[in-house]
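As written, the chain order gives the labels A, B, C and D, with residue 1 at the start of each chain.
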Amino acid sequence: MIPIQKITVIGGGSTYTPEFVDGFIQRREQLSVGEIALYDINAERLELVGGLVRRMAAHAGLETTVATYTNRPAAIEGADFIISQIRVGGVDARIRDEKIPLKYNVIGQETTGPGGFMKAMRTIPATLDIARDVERYAPNAWYLNFTNPSGIITEALLTHTPLKVVGLCNNPINAIMAIAEYAGVPDEEVFLDWVGLNHLAWIRRAWVKGRALEIEELVQLASQHGHFPFEPDLIRLLGMLPIGYLAYYYYHDEAVREAQRAGKTRGEVVKEVEGELLKMYADPNLVVKPPELMKRGGAYYSEMAVRLITSLLTDRRDVQIVITRNNGCILDLPASASIEVPCVVGAHGVSPLHVGHLPEIIRPLVQTVKAYEQYAVEAGVSGSRETALKALFTHPLVPSYSVAKAMLTELLEANKEYLPQFFGKKS
Amino acid sequence: MIPIQKITVIGGGSTYTPEFVDGFIQRREQLSVGEIALYDINAERLELVGGLVRRMAAHAGLETTVATYTNRPAAIEGADFIISQIRVGGVDARIRDEKIPLKYNVIGQETTGPGGFMKAMRTIPATLDIARDVERYAPNAWYLNFTNPSGIITEALLTHTPLKVVGLCNNPINAIMAIAEYAGVPDEEVFLDWVGLNHLAWIRRAWVKGRALEIEELVQLASQHGHFPFEPDLIRLLGMLPIGYLAYYYYHDEAVREAQRAGKTRGEVVKEVEGELLKMYADPNLVVKPPELMKRGGAYYSEMAVRLITSLLTDRRDVQIVITRNNGCILDLPASASIEVPCVVGAHGVSPLHVGHLPEIIRPLVQTVKAYEQYAVEAGVSGSRETALKALFTHPLVPSYSVAKAMLTELLEANKEYLPQFFGKKS
Amino acid sequence: MIPIQKITVIGGGSTYTPEFVDGFIQRREQLSVGEIALYDINAERLELVGGLVRRMAAHAGLETTVATYTNRPAAIEGADFIISQIRVGGVDARIRDEKIPLKYNVIGQETTGPGGFMKAMRTIPATLDIARDVERYAPNAWYLNFTNPSGIITEALLTHTPLKVVGLCNNPINAIMAIAEYAGVPDEEVFLDWVGLNHLAWIRRAWVKGRALEIEELVQLASQHGHFPFEPDLIRLLGMLPIGYLAYYYYHDEAVREAQRAGKTRGEVVKEVEGELLKMYADPNLVVKPPELMKRGGAYYSEMAVRLITSLLTDRRDVQIVITRNNGCILDLPASASIEVPCVVGAHGVSPLHVGHLPEIIRPLVQTVKAYEQYAVEAGVSGSRETALKALFTHPLVPSYSVAKAMLTELLEANKEYLPQFFGKKS
Amino acid sequence: MIPIQKITVIGGGSTYTPEFVDGFIQRREQLSVGEIALYDINAERLELVGGLVRRMAAHAGLETTVATYTNRPAAIEGADFIISQIRVGGVDARIRDEKIPLKYNVIGQETTGPGGFMKAMRTIPATLDIARDVERYAPNAWYLNFTNPSGIITEALLTHTPLKVVGLCNNPINAIMAIAEYAGVPDEEVFLDWVGLNHLAWIRRAWVKGRALEIEELVQLASQHGHFPFEPDLIRLLGMLPIGYLAYYYYHDEAVREAQRAGKTRGEVVKEVEGELLKMYADPNLVVKPPELMKRGGAYYSEMAVRLITSLLTDRRDVQIVITRNNGCILDLPASASIEVPCVVGAHGVSPLHVGHLPEIIRPLVQTVKAYEQYAVEAGVSGSRETALKALFTHPLVPSYSVAKAMLTELLEANKEYLPQFFGKKS
């Protein structure tokens, strides 16, 4: 039985929160958590979600205290783990991120392209603000970032705070689960040579029960799973399996046209789902995670959090695919870059397995997106319009300087109230 | 008086040839050339151009022998310098290079993008064939490549032959001349910190009479010269001056639309100009380079050739901007890459001034175009359709995998007769 | 129960062999080995050792076949694992390696310095010969190299064969065991940040039950264990713990004087021990590994072999410290260098944890010794005296060019009969 | 006629100063210097030397003002060039630097080994103090460092000041002159591929009138010139020509024994020479540089200074071998390292020709000495005894940790009065 004193969830009013807590309920034989601290700026929603979570814990017979806080220092103080899952500007800002780029024939998306850029601009100041509190009130805590765009936010934290930070995303675990299902084995028997950045990654090779899959098996797998919507010939050309987000790059024209034709954006769908979820959460008879939560996305988030926390605490030294600092692990990227690669996780921390050079067929795309990300981190911290323009101008999906300039102006204006670094502090 | 035994011009039937020879006429006080050997596969045109050149030499009182050859070994044997300026498929192939990509909303251009790619595919086998003769008949000769796309062709030569190769392009000298004119000084008083690849270069800093120009002077210069068609704000954002070819990247949409609207391609214009020039050349009374040759483009080509040859022969050790092997000079590119940078030229050869890291705002574009170029060299040598597809797929102006695939099929088919490496030897 | 068809021990007549086999006896619940094939060029000794091993297996109730071979292809054919533990020239050559350098005031040692160099020169041709048989008769086998100098021999194999090679040395496991004993915990609870080359490594940090040891704890540990004979101040200056072999570098003068004063070399002691062991082995009543084998050294060799084999076969993906190819893992060393670092071992193979830059205080020593090792590999393969001289001249313990030259001549002459690459094939 | 307003010589009381001034006298047709400002802390000696220099200028009909200063800000204010040639502790300190290491069987030398280390420790604080004045009173001046150990002092300046710094040493020009003499050509016709650090350099290749010398010509050259005291076989092994200082590394034992046997150190000789020179300088009838100054060493110092100044001022863009910041020019060394390589010198500054990887046979020695130098810079600035110990411990000529420790204690104690950073400010 591994004891954890306190876990703090920043953005605890999220509809995801019951998913997290369910993870600890599933592992109650293994992990004994003293307190789950939920912090949010939206007190009403926090109480609503907190209420459900408390009922879930009680129903499961957990001895964990579930506390809600709107005072951030109090929420953070003494925590062993900080879990960040915030959404600055809420789902309405996301919908704008999705719609504005489409006007310029550029994909609008929560994490990829100009949409992800704007989310980063809104999120970085808020995140660094939280980090300052963690430095003061829980300096030895592990800071687990789930907030998107996770690669950029994690890099901002790694570069601008001294905290112990790990970035997380459910893409790797989803891929492992999909391959395990495809091969009919438990997920422990799948091992992936995963390489790239968050939301810009490839499976160079997959092993199932110690056997490396042939490229044709990857092609077949891709044809069966929604995560991998690529033509067989493209997979063969690459010699590896791209994750689904790569479709925004490899089939950009098609993706833009499809999004322009679509009735609702993903954000609009999520908004409806969340409305329904919150109604359910309000029901005092609900004492378990509702199955409708699956529609929200974010599969296996709690699984990942629990696995990471367990390995850090128990010195398991198993391999997990997370977001960490490059330091030369991928020789073609700057030392300061955040990367997403297999890492050994133990009490000593998170050690990436060495990668070396990227395959040439993906190298320039990764270098370009990383250059964009590094400008984005810098712009998000400094509020420099020039640096922000450099970020969009560098992004491979932005077709020209003219488009970068026009789109930036519109995006900044639309997000004005969430961009203290660009427009001065909100009163 | 510096003696040169023999200079061989491959593609000697080009309408440029009188320009070259004129360069030696201008320097007759300094350089004494034994033989100018003109080689071409088109005997008729060779005699036409050769006739003019002979009359020019006689008229100028040059003691140089002007000889024409359709036997390549004989043309090459004993040469001190090989000058290559070939055009496989002639101007008609160029016109196809310009038109096909436009159908896919991608720029069609002699050297940039898919057009330049096809020119490389046609040119690499022919060039390496010539190089084999040089290895055998003039292994110690300097091989000066003027053939476009000069960066790719030079890299093919540097990678696949043991010859002493230098690549040349008139972009740098044109920029120097433009700045000298702007500043009202002789070109010797201009010094440029030029960095990048052939046709993908930037002037990081320009000195005039030892004084570094301010960015606003570069902005003003750009507004006065056709070579630099960029908005002031873009130049300020970059903090340096891009060469004209960068407009295809920075304003791709606009460039495509303009080309689609234009009546004639540049190739079509050149075809007419060349027809007129050849008529003039046939006139037995013409004994000097006709002024109409200026319309052909290629300003200062002979000037560059003569300067390079002079420095190599006389150990001048002055700085010239040429195309050479990277070897780590630009830290962000592979050792084998051809780069275009200032070099010291002397009897020992061509030594690039160290560059270090590229400015971040241009780094990913240069890395991406170089990755494309390296695939292009590989495809041009091997004739692998897979590698050719990787080249186009990697090119930053090709918007998607689907476009790359469709365009490649059409381009290869249209160039079939010039692509022995892809389609087997012509009978 | 993990089935292994066949394990082949090259140098099976070694007195170590019972130690290896004992490892499999200890794990008989876990590993089921079809055949242990012992190969040696010394048939008499092979039978003597093979006899004991057969009795051990029978006594333990193992169902494994123990077979002896003097036909190498037959020994290798069908093996899953090749274990190499050869000693070309036997212990007499070792004694010469120890004595000759001392005449030049340079340490004489089995693996470090000119002694190790000569062992490499004798061993490389024999090893590559074996490797050719493995390529032919068991191309998919894992080749586990125990033969010293293990870093150099492993690099020769990694560079000159396509085989799947891992190098092993008991230094890391000895350190782990020593720290476990010091801390009073099982060895699984020790985790080391180990970095360097084989026999030139440092413990940057040690964790015990997930807690990092303070530098003063490392000082105290060093004072209690023979493996770490360093002054407290030196350990503090380094900020890490050097392995024992570093004493030859950090206290070279003292080491030479001590060796010059000593009555017997380690080789001479080993020779006596081996004589006694072989007498014991001949006793038909001996059915277990005799305790006197401990005197021979090589503690935990079988433990390491069994652990590595188990992880490779069962896809355990645990961390083991072995010798593998650098590929940029240590940014300050060539890609082709063999390095000794923590690796994840699974069915996919051996993946080093990324290291990055070496600490500055050890970097030049590691770079220098690696440069020596790379010359040694090249000389061992080519038999070039010039390259051999470069190796010794580069070695940090060889004080001058003059000493390098004189010592090389004497060493080569003394080892003439084992150096076909330098002196031509033995008849 | 190139006008220079003011040149300031720091350490103007040096016996070298007339040599410098003579350089400007020789070029009076070309350079017109307004003021030569001589600064020294030793007022008496300054007037003595200043007197001679004034007489020299008057005798030569120079219109230059020669002014002497003991007020450093006044001396520096408005200077275009600062020339630093200081000797903290004077020649007596040098003699100690030469003698103390020999007790430990390590070479004692002005710039190489522990002697050079101590000179650096004394010189760095004084140099950075001067640099602070230059930052304030002549921030755009070029700072030319002649002070030894010039590589370390130049690196300290490049790392710890924002000034425009170039390091100079007469080794390269001496080699050029020696080769020119050997080949019977003017020095302009010699071109060297020189690579390494200051006082740790090699001539990879030498061209004479555009022809590369064969290795046997380098062997012959070495046998005729005192600068190159190496066995033919060593030169052939290296495949290049080491400069004389390399003998301290390649023949360390012999160098130590010779120095131990020698009656007087070089410092003791210099002390006598300087005494005689100062007596001559005092003679009011002396109006030219006395020929005895040659004995002092430092041939061509003024030649180098004048060449460098001329190229910087007139934008000559010729190649000169000077000490500058690495920035990746030599791929095997840190970006911050000072290196000694051929550079293009013009109004834009000093641009090194790209080197790439060092030849393997010299690489580890250069890496080790540079690591030592970087510790030396750090220790010289910080006064950390730990860092100073790391410097000596890293030096390839210091045989062991024990020797490093003992020698450091003695050296620091002996230099106490000149080491404010280690012992606190002098009152």
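One rule holds in what follows: a residue touches a chain if its C-beta (ideal position, glycine included) is under 8 Å from a C-beta of that chain, and two chains touch if they have at least 3 such contacts.
Values in this document were obtained by computation on a predicted structure and should not be read as measured data.
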Chain centre separation in whole Å, for chain D relative to chain B (CA means): 44
Separation of chain C from chain D, taking each centre as the mean of its C-alpha atoms, in whole Å: 47
Cα-centroid distance, chain B relative to chain C, in whole angstrom: 56
Residues of chain D touching at least two other chains: none
Category of the chain touch graph - line, ring, star, complete, other: ring
Touching pairs among all chains present in the structure: A-B, A-C, B-D, C-D
Contacting residues of chain A [partner chain C, same complex]: 189, 191, 193, 205, 207, 209-212, 313-315, 317-319, 327-329, 331, 335, 342, 344, 346-348, 351-357
Residues of chain D defined as touching chain C within the complex: 231, 233-234, 237, 250-254, 360-361, 363-365, 367-368, 371-372, 374-375, 386, 389-390, 393-394, 396, 399-403, 405
